[in-house]
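Pasting the structures in now, so scroll down.
You will see two complexes here that share subunit A, one where it goes with subunit B and one where it goes with subunit C.
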Partner chain A sequence: MIRKKILLLGDFSVGKTSLVRRYVDGAFDDKYLTTIGVKISKKLFNIEGLESEMLIWDIEGSTPSKKISLGYYKGASGAIFVADISRRETVENIEKHKEIFLNENPNAKFVIAYNKSDKLSEIAQENIVLGDDIFLTSAKDDSNVEELFIKLMKEIVA
Partner chain B sequence: MKNIQIILNAVLSKNIFEYILIDKDFKVVSTSDGIAMFLGTIPKEKEDVLEYLPELVGSEQEIQDIFKDRSLTYILETVYKNDYYINITIEHYDTNIALVLMHNISDITLSKQKLLQYSNESVLINTTLQKILDRQNALLFVTNNEEISFANQQFLEYFGVMRVEDLRRKNLRIYKHLDASLKSYDALFEQVNSKEEYVIINDDTFILQATMIESTHKLFTLTKVTNLSHEVYIDTLTGAYRKTYFNKQLEEMIKNKKEGVVVVIDIDDFKNVNDTYGHLIGDDVLKEFATLIKNNIRGNDVFARWGGEEFLLLLQGTTHDYAMLKIEEIRKVVNNYLFTTIGHMTSSFGVAWKEESDDVHSLLQRADKALYEAKTSGKNKVVFKKLEKVDK
Partner chain C sequence: MLRLENSTTELNQLKALLLSDELEQLKELESKLKSLDFDAQDDETIMQRVTPLFDTILLERLQHKDEKTLKTLSKYLAQIITETSKNDVSGLSKSLQSVISPAISKEIADNKDVMIDALYPIMGGMISKYVTQAIKEMMENINAKIEDGLSFDKYKRKLKSKVSGVSESELLLEESSDALISSLFVLQKESGLLIAEAHLEDQEIDDPHMVASMASAIKDFINDWIKSHKTQSEVQMLSYGNATLYIESAGSVYVIAFLDAEPDYEQRTQINTFFASVVKKYADFFQNFEGDDSVEEVQTLSQKMSEYLNTQKVDSKTEKNSKNPVKYFLYLMAFVLVGYLFYIFNAWYLKYSVERRVYERTGQTVHLSDKDGQIVVDGHVDSMQNFYEVEKIIQRTAPKKTLQNNLLLPMSNIDKIVTEQMSKNTSTSDSLENKLTLLENSFEQTTNNLNKKILALKTELTQSEDHLKEILRDTTGELERLKKEKRNIKKILEIKKEINTKLDKTFVGNKFYNKKTNALDFSKLNLFPEGDANYDAKAIRIVSQNFDKYMQILVGYKAYIKNITIEGHTDSSGIEDDNLLLSKSRALVVSYFIKRLSIVKQYYMKEYIQTKSFGSKNRVMLNGMEDKIASRRIEINFELEKSKILDKLKEMTDD
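Let's look at the complex of A and B:
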């Protein structure tokens, strides 16, 4: 079976763990419990008859005083960069996370999640510029979460 | 020898270390008895270790190298597994076997997590408070030692700087804008404390307020009113100023001991317009009348609607004779104008010249009395009312 390591990267409290929980367990809890270290979840995947296992690395978020250990980045096939759409600085920091990740894994694929879209009005959501690899997600409302993971996995196995 | 010691430790220190021995194909060779604590089950011999430790996926080459080189080690720290936090270390055992050692670090990690949780929540609260502060009016905190300790985004943007340090470098002294004789923020606080002062900075008008924050800091709040005045002080129907604005200007004139004339204007028989043509036409007449007056006064004259069909005019920096000529001219303009729908209308004017003893009330009262005389003595005229001298 093909196994692919993908990372969830972003600032602290942007909802990385919630995205994984929503996607893997179909659950959501809005209580904030900071992640420390890494927790790996598995998800089986079937794209065009090819069975794969996605190993989702939910890594602790970077904080102003603590950066993510580079040891976690090794051998990743892809990454989901997550930002909290209601916290501008977390969106701006995505570029930094991308740079570090792609420096370690130049050929890896990635997608971007502007998470917590449930905090925005419909008009505000419409005004956000998205692209093929950028998704407006909400783990709380289960919006675009599956699409996000599928898009990345398709990119990786293509 | 070193590895044997580690294994011994693993065996002896239950719940601290557990291990798996693997071969070059990543198949399980053997495990310690307590490994189920971290993996949930005990892997069987020859099973794929990656099934149990997917954490190693992506690092296969790095692990392969350990079989060849005993100096190499693979370390993955703080992995959450089966409700435990562990460090995973892989070391050379011999050319065919590698030791996967799992070190239980749950106790120390949970302590760290509590600290991190507290720290992250604090950062979130601080960020939120900062955002709230930045959305307020311009705020400046000054210490008792006259040092600027904080300024919010609004304040920094207004003064064109990025950081509080830049404000300090500029030696910003906003108290000089209020009163050039003031020498400190302390003095400014004494002057402004518990009231509002208008202050002009860079052509913008602000309301300045001061508040003591604890005993160590003073908060100065600047609320920009320049743009606001147009929304708050303008009568929406006629486009004339509202009386509140007129009063402010009149107060300023009296306070600054300037010369000036107050005129109360009334459209004659306006009630008949409403009764005959309805209120919509009445509104049109008010609009046309206001436009007519505005087109015949100077830019710095203040024209306001008092209410109904009554208006106010403040002419400053003028002589008495010029003012009377001007008002008579306006009366004639109205008299000669044909209003849409209703045609000819007239208006009456009550005039009062500002005397030294006047306040806003007395001046308006005298102008209003003059208007009453104009109305009761035939309308369509200008009446000037002198200050009545009281014999002592």
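Let's look at the complex of A and C:
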């Protein structure tokens, strides 16, 4: 079986932990996130007959007073950048997170999740410009979460 | 009056009923008071007589927990105890012990947690003090042992202490027992991915990959903290309770050992030696590891680590045994004794069995003895046959021993022996001749067999050669077919290239022609208003002019054309289902219009024209924003039919 390290990155309270909580097959307790700034979960995939496993490093959002260890970023094959679609600054900050991540892992793949889509009206959702690697997700409604992860894993194992 | 008298009587009766006890006490006091006769006595006598009375009253009030009495006494209790402790400490202790001990026992039983919290700071310190004292005493004992001991180990330990800089006491403590490694992990340093793992039996852990990642994260976290405190070292040991993680960083991996206690210096050295051997052997593999644990290296590495863990168990057993020298010495002595007894018995049995067998076979009595490792045989035999028979029996029974034959034979038998020997030599010569003849025959037969085999091989070789020729013929045929196919593909590509070149030339500088896709792209035309499939009249004329030019080229290749597609697109406004319908309408409207053009009719191209709708799927983006006007568009392109081209080519070849 092939295993890959995946990072979950984004500002505070954008819903990173909620995004994976309902989706993964096994996880450490949330207390690790507040203690050492990372929580590890796993998810099994079977993509076109190929068994693979994602080890998801849910990394706590950094603040000026609390910097996150760059060691956590190393050796990752991919990342999911998460923003709260109802908070503009979290969407803008995705570029900063991408820059740090790609600086450590130039060849890694990534997808973007505009999370908390349940907070937007249908019309507002339709006006958001999405791409192949950008998903409108909602952990609350379980919307597009699986698609997000599968897209990333396919990109990595391709 | 009478009434008054009656009422007094009733009152007395009532008093007798309600205050019977008090009246009795009153009477008792009256009698005591009368007997006191205070006027006639001095103060001391009066006090001696009155005091027991007060004592009785006080005791009674205390027993009934009279509030007033208790309140009054509590004011003076502390003072009384202080005073008493000055004068009679042992008496006070004795008195208080009977009260305090049950009270404490009851309080502990009722409020265990509160008592523990209260006592912990005192007890903790006390225990710590006693433990420290105990360790100190133990170290003193160990030091004494070191001084007294005369064993080889003592000098070995002394030398080791000098070299390593660790005190002899600590080394002696370390020698007491090794921590048991229950699991080994090899992790990729950067990603924290688990490369290989091994566990002792029944010590497997759930989800080792997640545990490994978490261990890596914790190590990163601590290392960061260490670095932030401007220290260059890395964390190497993590302990929690009895569990210890010993982490060794080597090249691109971390090797982690899970132990049941902290490893000592010697054990750390042993673990590091093993880690070094692993890293040396698998260094290249570790560097190129990409998360696939099904590869052979992972299996062999896991096996190697398992073997190491199991060896550790065996070592620990061996070590325990080796630490009991008396036991070891006794085992050695027993072994030597058993060996000696076996040797004696074996020698006796050999002598006895040979003598018995000789007697049974020859009827002669001989005597066997052992001299300087040789078997010496003494005695008499009556014939040369028996002489050799005895030798044979001895050599068969003890083939590795040298024999010294001292048997005596009567002289009259010597001539007979010589004659026997001569006849033996003659028969040997005859037998050799026979053997030579047999060998000659055998050689001839082998040669014949070999010739037959060579012939069979030659036949097989010829057959193989034929088969190879056949394969070569087939391959050549296949090669020819492939070459032909390649030529065909090349021709198809050439036709496509030819059409594209002509289109490029015709539409040079035309903004409605996309040179990359060789399609007509009307994204810059504003053909349709938003949300509508009604085209602009001026714009549709431009479409027809360009389509006419486009068709002028394509009709020249009609034989190879599969279809001409009108693609309808919308912008991303609104609901996608509606957009799909809208794009379909747009494509159909344009298709309807262009099918009426004369060039389509003239060359019978109507059935080649088809429509496709995409909704907003392929909307036009400009600097990250959608260009909605450009998105509402029509694109026209064409597709070649490969089979048609090939058919045409076939026709040409046949011709």
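One rule holds in what follows: the second predicted complex is superposed on the first by the 142 of 158 C-alpha atoms of A that agree within 3 Å, B and C clash if a C-alpha of one lies under 4 Å from a C-alpha of the other, contacts with A are read in each partner's own complex, and residues count from 1 in each chain.
Going forward, contacts are C-beta pairs under 8 Å (C-beta built on N, C-alpha and C of every residue); 3 or more make two chains touch, one makes a residue touch a chain.
Everything quoted here is computed from the prediction, not taken from an experiment.
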Could you say whether A:Ile2 touches subunit B, subunit C, both of them, or neither, answering first, second, both or neither? second
Counting only touches as set out at the top, which of subunit B and subunit C does A:Lys42 meet: first, second, both, neither? both
Touching A:Ser13, do we find subunit B (first), subunit C (second), both, or neither? first
I'd like to know which partner A:Ser69 touches here: subunit B for first, subunit C for second, both or neither. both
In the superposed arrangement, does A:Leu55 touch subunit B (first), subunit C (second), both or neither? both
Which holds for A:Arg87: it touches subunit B only (first), subunit C only (second), both, or neither? first
Looking at the overlay, what does A:Val129 touch: subunit B (first), subunit C (second), both, or neither? second
Residues on subunit A in contact with subunit B in one complex and with subunit C in the other? 3-5, 32, 36-38, 40, 42, 53, 55, 69, 71-72, 74-77
So, in the complex, the side of subunit C touching subunit A is made of residues 188-194, 207, 209-210, 213-214, 217-218, 220-221, 223-224, 290-294, 572-575, 621, 624-626
How about subunit A: which of its residues touch subunit C in the complex? 1-5, 26-28, 32, 36-38, 40-42, 53, 55, 57, 69, 71-72, 74-77, 126-127, 129
Listed in rising order, the residues of subunit B that touch subunit A in the complex are 50, 54-55, 57-62, 75-81, 85, 109, 112-113, 116-117, 119-121, 123-124, 127
Which residues of subunit A touch subunit B once you look at their complex with the stated criterion? 3-5, 12-13, 32-40, 42, 53, 55, 60-61, 63-66, 69, 71-72, 74-77, 87, 89
